[in-house]
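Here it is: the structure, laid out below.
Naming follows writing order (A, B, C and D), and every chain is counted from residue 1.
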């Protein structure tokens, strides 16, 4: 991500107009994240707490949950992903419209956590690309908000062309997603 | 609206297999709490039959527990019914204590009762407010959730975590309640009734809500017993079975509380039974505080079991014996007698049982959790058959089926 | 079916005429919600305001030093054994001559790593430690974009030598296991 | 020529105002929901989150368009277009204010005062249903289809009751022109005082027509994921959501003009202000009424649970329509009595 941030400043980059457009769009996108809560277990309850009055995810413009993947910008994977669930998760990811981001909330989604067993996927980054990991089992709502803010930083600094770039295609290809 | 419950399609007889719609409810449906799949055969909005699929969040709890020393199983039980993890923790500790024949001082038992009843309240808050959300009333959820947040604060003072508490140890609690925790519990007892009342006023006598929930997903007492239901779902069907009364543990026999029951086990019954249980839990907490204050013993927070309960750190440095116990306990080398034991507690959503077989080794030989959700979910197809899609969703949320516990 | 004499039917499904009219309940509901318009907001605006955490909160770990700035850890491995998530690994090393000011015991952890993404913050390592070396603190672990950054080595876990950079855990030790 | 210019200017203004108010309704909805729920709501996009609708709009425009492989492409695009178009068309007949006198010529602050204004609105609104139906059908998704079926049956049922509640009003006023109806409510002679039952029926039906809770079955999240717009992404979804808010705005405007006197307010004649200023004041008051009803829509949404499909039909056919018929009968008797027919 840092690389793209640098390129924005450079002269041989996409040019001033483009970078300000990038910035404006980045600002807009970052303040209008519609999350798709893929809540499977404990972290889902903490996500409820994050949505609730005390923490209020709505302050970031993200209170409009979109359970339909077509409309979501941010896939929040919360909780254990069993191997049986893996294909479903991947299908949800494929159904999402670009640009899309993924946040792995909690130990289970990130690495499998305590469940190092035959049935649990040891981290969702084995099947889909993950942008931000949030540690904790489950993370405090503050940590989830922290993760969302990291995503906002990412969005802010993302070039509009990134989703068409060869690197991005390679990244998807490395996960076998066309 | 009672008549409309059993609407049948007038052309029902002429319908053939191909005329039905197959609707996949889940695994990523917003109203499946956790992950299930229901393959529903629909006749328009009516459910002809439902076929539940489980296993989407199978985490192999039991196998995992069989290669862990006893004290390390507590964090695993946390993640079963994560809405009320303290009850799971306590249940597990009591199971081991039962097997090892450990005596627990009265004070610790009362403190445990306080923690477990707080957990029950927080569990019922989630369940009942989610019934509200699923029926479209989001606001009540956000009001009452602030109180759950407050219970989190109490947990945090008691053990240092919010949701997966890992509270208590085999032989007692890991630390005594501090001043701030007592303060917060008293504040909770004082202020929560108003919040609960407000939540009730918002929904309970609202005709839209009553119409939605009455006769929605009913189950008779006979069928519920046949499925071996327990907890609020069985009580809603009209059977006053409560583990706390029938098979008391942790001095529950000393407390007086009524067992709320419903009439025909529909969603409204389940909602009201849970609602009343919160009030009962509040009174139990108050009684427990009174009992704790009346005790001579003001300090003990664990039993006198050096072979299970870690010695204080100062002793570990200064006494050889304590150091040896410390190492033995942490390495899991404490001797647990051979034998098998079943212990059950009244969990947030039913009878939570632990069936433990020990061969005297450092880990359980076999450990089975009796998860109430697993049992409720078997009855789901029967309960939603012939009702509408909206009913199926409310039935699901009112049964308080939690995927993490169901699949274990 | 009655098993005890303590039961009570708590459900009244009969609606009065007033309740059948929909509107009284709707209006009382509207009044309840509109009252909240004028209540104090319950929200804690996280990055600007931080909600107070209990001092015993189980957050990011720290490896303590003693008063003279020597590492407490003696690499006995009890924390790694106690960890249900198997997130802790360590390699022990012998203390050499001239390193007495660095390590309190003769043996020390040359490498001490916690996989923070595996860790479930249960606090069993803190309890298992016989040397008061590892503690969980009320600091939060930040999120990150790179999975590799979550393997916390000694550089991130051990507290600083200077008094200012020490992490206060007195609340935990006092409240903890005192008879 | 001048006529065309004036009308063109008015059309543009009404169009922009509708869009602006709809955009800020989304912001208001989030803020009001938050305030009713002890939260803060969006506050990080600009001061107090005031740029939130802008951010949403830009994001939606820049999002990838997905047309599912199994969808009927033509209809898939047609759905949101119809929805948006019909939503924008209804604002034409609403009298936003009294007349403005410029250079001695009197210009009404209303795009057109056709003498069947009410029928026009009903016609346009019923086309709007097709937007939802076609969208839900074309998505080729079972949830969307169910949402579409729910939407169409709900709209049809409630349009009946709505129409009947209006008939009573028309019997009292004797005209179908909204401009005329508003003029008759001069001062404090608001129709809500003479047609309370009709007003209640009308507002309940307005809720149903706008798909707002407690009648938001077509898109109810917990059952149908997204309802008819489950498969839509980017601006097509934006059109659907936007149209809902425009509809809400227009419904509020219609309620305000039919039952709450439109731009009229008490003591309007006793202020002794110049005509143009009075008109402006009236328009402001009209918008005040509209905003109150928009608030009311949101307030109800965040308080009530929703109906079930069969209960919705039950309320529509077995409660609303008989009541509306009774209202017509009652009004007829009163009108006849007033006209001295019983003497």
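In this text, a residue touches a chain if its C-beta (ideal position, glycine included) is under 8 Å from a C-beta of that chain, and two chains touch if they have at least 3 such contacts.
For clarity, every value in this text was computed on a predicted model and none was experimentally measured.
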item	value
Partner chains shared by subunit B and subunit C (touch criterion as defined above)	A, D
Centroid spacing, where centroids are CA-atom means, of subunit A and subunit D in whole angstrom	37
Whole-Å separation of chain centres (CA-atom averages), subunit C against subunit D	51
Gap in Å, rounded to a whole number, between the CA centres of subunit C and subunit A	24
CA centroid of subunit A to CA centroid of subunit B, Å	31
Of all residues in subunit D, the ones touching two or more other chains	33, 36-40, 43, 221, 225, 302-304
Junction residues of subunit A - those touching two or more other chains	53-54, 56, 59, 65, 67, 114, 137, 140
Sites on subunit C at which at least two other chains make contact	26, 29, 32-33, 36, 41-43, 45, 84, 120-122
Overall pattern in which the protein chains touch one another (line/ring/star/complete/other)	complete
Complex interface listing, subunit B residues touching subunit C	68, 71-72, 74-76, 78, 139, 143, 146, 153, 156-157, 159-161, 164, 166, 174-176, 178, 180, 198, 201-202, 205-208, 210, 214, 221, 225, 238-242, 245-246, 257-263, 268-269, 272-273, 275-276, 299, 310-313, 316-317, 323, 326-327, 330-332
Subunit D - residues contacting subunit A, complex	30, 33-34, 37-45, 49, 51-52, 54-59, 62-66, 221, 225-226, 229-234, 237
Touching residues on subunit D, where the partner in the complex is subunit B	33, 36-39, 142, 146, 149, 213-214, 216, 220-223, 225, 302-311, 314
Contact footprint of subunit D on subunit C as seen in their complex	26, 29-30, 32-34, 36-37, 39-43, 45
Complex contacts: residues of subunit C adjacent to subunit A	41-47, 50-51, 84-86, 115-122, 140-147, 150
